[in-house]
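Here come two complexes built around chain A, the first alongside chain B, the second alongside chain C.
For the complex of A and B:
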């Protein structure tokens, strides 16, 4: 009886493993193909049937660095990410504190901010284009940073409200009874406790901003191009340069995996605005 | 209040933390009560300025242009045409109604594939087999990749000549569609891509839900001799319904907005086969520069998306 149970369990377990492995292959295959193509010569990329074994080359990477604007794109993207974090995190923290401690607007403000999450960027891009053109802010880092900040804010605010609600208010009240001002209570007690959440929010904002394409595509041309804009520029008259494109995609994707590993525990919580722990 | 003071005495907070703690103040002073009235509003002010400024201003802007026949490529100054743009949308624009249908097809296709698949994967991962933490980390990978990066890789994999997907499918089934080159398969190609990227999101939400389920109902069901399927059908599924709804709402909001992958994989083609509403907006706004008409379409699109999403969120999830 006992042995039977054990073998049954083993069979079920291995069935589970088979299922997981199938899903794993499906998830990983595009990444595998991206990296593989990035080290293929052009003829190997276009070969029919597709090749898995070939003589690797780094010519695609040298092409990306020498002939595309990737360096400019990387610098711009980093500056924009930095700007978005510097703008969004303090603003969101203040707003989130207010929402969680004073319930400002009785939930209406907070819900209005959430509607930005539903706002399809494409529906606003025409007015943005005309407005920024009038202000002379087309192809300018400032406009891209502002828009990314706006579209990241609902998410950071909601995430931080969730984290702040978990910190007992008693702690702050106790400090205030002892004579600390609200600001001091916030700085000395709440801020250290919320710091990890701020880091999580900042990393999420960095990932979303780095990956943002629509605004970069429509509002930048040469000066303010981002990495995603550079990636969209590998098509020529004789077709898409698949090798360099794959190399560029690989370069710009790997940092995101590292960031994602750092916030692994919070991915679900973040993507659902704190609705799911 | 009394409880708060007693908690402080449990040495949760060391006394020298507060330089002002030595000042004898009875509770909170009158001064701070007065400022506290405005502080909450001051704190949300920067956020609201940014949000209102960057959403309402463009909205009014769009409202203004939606009543004009603005065409940025035309040298003739634009004029006021009232509701003619809206009338055009209702009456004459069959490309627009096709785009609506394609958006709905895309959203429906994604939901139909992603919710059951996500549930299946969540059930797979819920078993504490060895390495399940690493598996979870790998499953989250597609969620953090730029659609423009990996989408273009999918465009390459879907290629009708040298694409690896075509090769794999035809070596298994003997024949393969031309995927993105075939108008009948292009939309399916994008739905498959979206499913690849976002099913992990559904799966991770549902997995979090599964792990929070109480064990008792399962134990008693086992005692009464329920089969694994019965347990799933009568315990797991009802308990998971709110989370399934939440995942579906999030996916619906995002699939209605989808633009990047369409640019990355098909550019809306072949022909107009994958031109959803959001891609159609891009075409009339930035290929033809019909700013007036595009503004009108944008407003209606925005209205639909926000209303549908808000109703869904308010009804389906208590956010």
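For the complex of A and C:
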């Protein structure tokens, strides 16, 4: 009986791991292929069947650094991401707080903000292009930051409202009765408790902004060029430069990869927020 | 120490009325209990005194100062929440130090006060722990500790014992009373448990649906309930209520409950004079019912339905038609189902069926 249980347990466990492995392969294979392509010579990239053993090269990387604006793109993207986080997080936090505690606008205002998220950006791109051109904001890092901030805010607000509703109001009220003003109660009690949620919101905003392509493609040219826009440059009239494109994509993945590793702990805590308490 | 007075206070949440036109006077240094079922408006009332909820109408005074528009932090009031509301990211020590920190008290003094308070509450070994590492009873003590560290004018307690298990609740009840007496402050204690209110409070206000039905000492509430609700809420097991009509026959006054007739001997004339109609509700406390196996003058005969032995007494359920009347008897009283017994009411209450008000009290 005991042995049977053990065997059953083992079968269930191995099935579980097989499932995990399949999902992992599906998720990681494109990434793996991208890195692999980035170190292949031009001829090896398109060979059929794909070569498993080949002579690795860094010529794609040298090409990217010498012939494209990757450095500028990386710097611009980092600045935009930083700017978006600096704008979105404080504003969304205060907005979410007032939605969750005072029900500002009786739910209508909150819904109105959320509709910005439902709105397809491509429908707005032409008007934005016209507005930006008329104001002389095309190819401008500030304008692209503001636009990204606007389109990220609904999601972060919605995310933070959910987290804030999980925090009992009793806590703030207790602090207020014990001598804190509302703002102090927010800063000393609520803020430390939603810190993981803020980290989650920040990383979402960072990833969305980093990956944002449409606005960058239409509204930037050279000065405010972003990494995604740089990558698009490898679709040339002479064809797609797969090797350099993969090298560029690999380079662009690195900052987000490092960021994700750094705040991984907070993400897990943030995502399981309701469950642990 | 300070008295609290509420004058014609009303509070609505949307369409639901939480507190309606409520006037209450809580004396300086008193242990005052707000007693009522859930939804009676106890918590709303406490929150309004604390200042985290603003009344729609009416005024609240603490120490003869109108505080209705004063923010909670300036009211010198403290509150222990039903959920304890301990700050989850702060240690027990930091939780208890919080009110002192807010008052800019020097660190050395904070340490002294917190440690002394922890000593009184027997939570000294827990000071470095986080709230989630504590049991329910321990959290409760920390919540109380946070309220005790400073000298508030009024201490508000919102069902502090409700979330504890039965044994701990009885244990804490005694300890709580001792601690509260030593605090030497005005205490307002909300509870749905009449036993807690009766055993601890100097005075009790019985609340139902946002209104104060009666407020008085526990003994007066027990002896002279003004209406049906108070009568049914105070005392355990609860008072029996029997629908009756008052009838007169051969110059004697009877209460006719269909299954039995009960003769009123004293005050009969006065009662009749105060009655709006002859439909009344007879209230008898289980402890005021005398049961005997032998027939006696003026007794009525009922059948035993079931008996529960809750030493040192037994609760006997008597069957009167479809109705069950609960009575208390000494544990030696040996009865079993179906036995016929003779019953005498030692003390009765009469309530108007329509207004639910007590009748006899107005008479005396």
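In this section, the second predicted complex is superposed on the first by the 227 of 277 C-alpha atoms of A that agree within 3 Å, B and C clash if a C-alpha of one lies under 4 Å from a C-alpha of the other, contacts with A are read in each partner's own complex, and residues count from 1 in each chain.
To be clear about the criterion, a residue touches a chain if its C-beta (ideal position, glycine included) is under 8 Å from a C-beta of that chain, and two chains touch if they have at least 3 such contacts.
Quick caveat: nothing in here was measured; it's all calculated off a predicted structure.
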Which superposed partner A:174 touches (first chain B, second chain C, both, neither): both
Which of chain B and chain C A:128 touches, first, second, both or neither: first
Touched partner set for A:5, first chain B, second chain C, both or neither: neither
Touching partner for A:95 - first (chain B), second (chain C), both, neither: first
Contacts of A:193 with chain B and chain C, given as first, second, both or neither: second
Superposition-derived comparison: chain B or chain C, residues of chain A touched: B
Shared chain A contacts, counted only where both chain B and chain C touch the same residue: 170-171, 173-181, 184, 189, 277
Residues of chain A that touch chain B when the two form their complex: 13, 16-17, 19-20, 23-24, 26-28, 30-31, 33-34, 37, 45-50, 91-92, 94-95, 97-99, 101-102, 104-105, 109, 112-131, 146-147, 149-150, 153-154, 157, 170-171, 173-182, 184, 188-189, 207, 210-211, 213-214, 217-218, 227-228, 231-232, 234, 240, 242, 245-246, 248-249, 252-253, 256-257, 259-261, 264, 267-268, 271-273, 275-277
In the complex with chain A, residue positions of chain B that touch it: 1, 3-5, 7-8, 12-13, 15, 17-25, 27-28, 32, 36, 39-41, 43-44, 46-48, 50-51, 54-55, 57-59, 61-62, 65, 121, 124-125, 127, 129, 135-150, 152-157, 161-164, 167, 196, 200-201, 204-205, 207-209, 212, 243, 246, 250, 253, 256-257, 259-260, 263-264, 278-279, 281-282, 285-286, 291, 294-295, 298-299, 301-302, 305-306, 309-310, 313, 317, 319
Residue ranges of chain A in contact with chain C within the complex: 168, 170-171, 173-181, 184, 189, 192-193, 277
Chain C to chain A touching residues, read off their complex: 47, 50-52, 71-73, 75, 77-79, 81, 83, 85, 87-89, 98-99, 102-103, 132, 146
